[in-house]
Amino acid sequence: MKKFVNNPEDFVKEMIEGVVLANPNLKSIPEYNIVYRADMPRNDKVSIIQGSGSGHEPAHIMLVGKGMLDAACPGNVFSAPPMEYVLECTRLMKSDKGVLHLINNYQGDRMAWDMAKEMAEMEGIKVGVVVIDDDVAVTDSTFTVGRRGVAGNFFVIKAVGAAAERGASLEELVDLGKRVNSVVRSMGAALTSCTPPAKGKPIFEIGDDEIEIGVGIHGEPGRRRDKIKPADEIVNELYEAVRDDLPFKSGDRVALMINGLGGTPISELYLLYRAAALRCQADGLKIVRNYVGNYCTSLEMAGFSITLLKLDDELEDLLAAEAEIPIRVF
Amino acid sequence: MEKITLEDVELIVRTMADVALENERYFSDLDAVMGDADFGVSLADGFRAVLKGWDSHDRTSITSFLMKISTIILANTGGCSGPIWGTLFMRCAMGAKGKTDLTLPDIIAMLRSAIEGIKARGGAEIGDKTLLDALDPAVRAMEEWPAPKDLLGAFQAGADAATAAIEGTRGWVARRGRQSFTGERSVGTLDPGIVAVATMMQAIVKKLKERA
Amino acid sequence: MKKFVNNPEDFVKEMIEGVVLANPNLKSIPEYNIVYRADMPRNDKVSIIQGSGSGHEPAHIMLVGKGMLDAACPGNVFSAPPMEYVLECTRLMKSDKGVLHLINNYQGDRMAWDMAKEMAEMEGIKVGVVVIDDDVAVTDSTFTVGRRGVAGNFFVIKAVGAAAERGASLEELVDLGKRVNSVVRSMGAALTSCTPPAKGKPIFEIGDDEIEIGVGIHGEPGRRRDKIKPADEIVNELYEAVRDDLPFKSGDRVALMINGLGGTPISELYLLYRAAALRCQADGLKIVRNYVGNYCTSLEMAGFSITLLKLDDELEDLLAAEAEIPIRVF
Amino acid sequence: MEKITLEDVELIVRTMADVALENERYFSDLDAVMGDADFGVSLADGFRAVLKGWDSHDRTSITSFLMKISTIILANTGGCSGPIWGTLFMRCAMGAKGKTDLTLPDIIAMLRSAIEGIKARGGAEIGDKTLLDALDPAVRAMEEWPAPKDLLGAFQAGADAATAAIEGTRGWVARRGRQSFTGERSVGTLDPGIVAVATMMQAIVKKLKERA
């Protein structure tokens, strides 16, 4: 297995230890995979928490910090956390102003967070919920749990994180989070699979000349398998699917994100950014902010996703606010 | 065999745990085909925790024992499986309330309640290609079993119905859980939850027969 | 080839276009692969430039910005830039206070930059030189060009970049750069090869259970090929080689960097950080600053390097200074 | 053939360019073994630029022509190859100063000066397993050639010496360029620069013989 691991079972635990060793402003409760801000909770600020499967780093444990999440409680690699992790995390971050649950829309996450919310509320904790489902690859249908939450999650966290620092109420944050989710759309593609440490083998097979269009961040198959084609053509396909879903229209102010899925070098991400930005320009979308890097990954998968977020003055202001998290350059 | 006692319930849970642990890799491999390869690990994590304090679990009643199992599963099982199997044990625990032993109708009622609980928890319907499509036909077979006092016969019929569901649902489209994202591409693959339920039921019948 | 590219020959050009599209404060001269700060040169500040092969992004074009490089002029993937690129870049960044050449110690780079310096000086441009050679994997020897420059480069840029903003002279910057280089040491290891776009095939073969210890950032073989072993053991080997080379001693204040080589997910980098940080603690090295991420890569290679930098008050202050470059999170 | 003229020099450069372009992938593959797989591309980039403005290059003298080639190589060739081949052409240009045709002693002097220039530029010595270890024996063979007026014979002897160096240096340790980082591991591999020099020299002799 081409991975830097010790005992695969300790993968999440040791990663969390690394994060806390490198960031003295964060603490952890290893038993529940919880990483949290040492200065939280505070009764004058809504606490914001999240936790889905691990393997999507920096989401979610490396997004804990001032102006972003107050705590995260991931599960095993690609597994929603057990209900109890969520409940403990909610208890730990209990605040008079309430606790906001940011949930990525997967069946397992939904159930764990629903149950934890019920229990927390029985204990008198005020809980608000925002569900994130920005992935346009999967057709929304009443038969399924609906669309997946992917890289758009970053923008929901950033916006509610900034607003919470400014003192917004739980209700306001729920509205804001839902609003961000309603104007953000993503879609990804992958050239390689990824290998969950406990599995030790790639999660799917893919030919040397193949690409998975619309791939999920857990290695779920996407819309279809295609032959590799030039980068610009891949961008065109994802970009158009994302653009047409909202739809984004000429004159819209947008944030454009090229998110790496973990194994794609930043050289390629910038090459892809070029193609996407040129498409935006041609369509009259005004790129006000841009994001090129790994935000929501699938372990070491070689792939990327495009996210577009429609902006307004309030969102622009919230995205520009200061924040401090483990992923940083200096 | 007309009834099962707390000891039998213990044996059943222990057998489920053994199956989960023995098949950890196999169940994850099944999940890898159209899902995310964690089903085996999640289930094994839960049942490993169940086995850990095995001797010290509350055994005052069938209900308290099953409730304890439910709590441990919820605390230690990730993915969809934690809430689903936690709900399964919780509903069974509630169904056993006040009873020191369980007849076939008791057991059928408990499992029906578990099915309803799982439906409510995860929104799945029968036919969505989830473990419900092993549980439901199994319970139906037990309901239709002509000799209510022949518990083992009824269990065997149930287990066989669950086993039949493994291949019987292969051609279906998954509509819940991670596999559902693939839509039509899930046709032709096995649902790991169905395989797990069938495997456990067969093992349970075997163990109960050995004891009887 | 598992890469997002169009025509492989346009790889560097299109990446540069992406960087400039995403960062309006930067400009480019495509003919010479030059990326530069739109607000530079200025006669009251020394200009700092660099350019080695491409494929090591974010080094060097994504390190251009306030408090870091003023311009970069990379060559093709893994090839030192032609002498003329360096000369044009030096001319473009000409300043009364001089131009600082930061050169990674490779034969091709040394020759191109030497020639360009001679020519620039003939044109009356004041040029200072700092050569970076922090890789302890390669034994220094009078027969070879010496040690390679790798991730330690980041610290040299950061320090001289900050000092230049504060008005330091060319001579002071040369001294400072040499001083940083004299107290920084690195070594890396790789699990996979990488595929230069123009080559279309992996640059070396490596077995499914093998690791290259001491790998170079161009896919050069390292000290030796080994069987994969637990992450902590790999860290131990690299850490000890780095520690013993300076040597770093109990009581030293250090910056610790875990640098990803391009294809390693940040989850693994933090797991590796944990192991390295624990070793530092055990040895009495005080980690004052830490860096976990991709700083100097080898395309999509799965691998990492450990860098230790010995700190003093001046260096700590320079590392903490504000800077603004294309790689960023928000 | 006793002397070569500007037209012959043009043919020589053109032949070098053809070899570089035809072997772009092969030379890079050789470099991939212990180096960084860019040698073929770098060399081809340089010579592609040489061919681009081919008809418009300054042809007032052998010196001005070769100086122009040197400038183009320096401007367009990355890696070690730019400075090294740029230096080669620059030294040859300087050696041809004032001459309208070149005798064997002229050519030998030009190449000796080129070898010195490359040594000074990159610090390599004879024996470091670089293209100098093809150039140097080639020049030596030309120096030892008994019939100075038989230029083609001398060239053939030089080309053969360079070709012999391909396998002759295989067992050496590389001490310069990217391959040197591998130390002992470079033993048993071919140096791409040596292969390129030998291939070019053989092609040059062939072309000159065809013309003669």
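Points worth noting:
As written, the chains take the letters A, B, C and D, and residue 1 is the first residue of each chain.
In this text, a residue touches a chain if its C-beta (ideal position, glycine included) is under 8 Å from a C-beta of that chain, and two chains touch if they have at least 3 such contacts.
Everything quoted here is computed from the prediction, not taken from an experiment.
The chains in contact with subunit B and with subunit C alike are A.
More C-beta pairs touch across the A-C interface than across any other pair of chains. Inter-chain centre distance (subunit B to subunit D, centres taken as mean C-alpha positions): 76 Å. Subunit C and subunit D have Cα centroids separated by 32 Å.
Subunit A and subunit D have CA centres that are 55 Å apart.
Residues of subunit D in contact with at least two other chains: none.
Chain contacts: subunit A has no residue touching two or more partner chains. Taken as a contact graph, the chains are arranged in an open line, each linked only to its neighbours along the path. Chains that are in contact with each other form these pairs: A-B, A-C, C-D. The residues of subunit D lying in touch with subunit C in their complex are 28, 32, 34-38, 41-42, 45, 74-84, 86, 121-123, 128, 175-178, 180-183, 185.
Within the complex formed with subunit A, the residues of subunit C that make contact are 1-7, 11, 14-15, 17-19, 21-22, 54-55, 57-58, 62, 158, 191-192, 208, 228, 230-232, 234, 262-275, 277-278, 290-294, 297, 299-300, 302, 304, 319-320, 323, 325-330.
If you check the complex, the residues on subunit C that touch subunit D are 53, 75-84, 106-108, 111-112, 114-115, 138-139, 143-145, 148, 196, 198-199, 201, 203-204, 216, 218-221.
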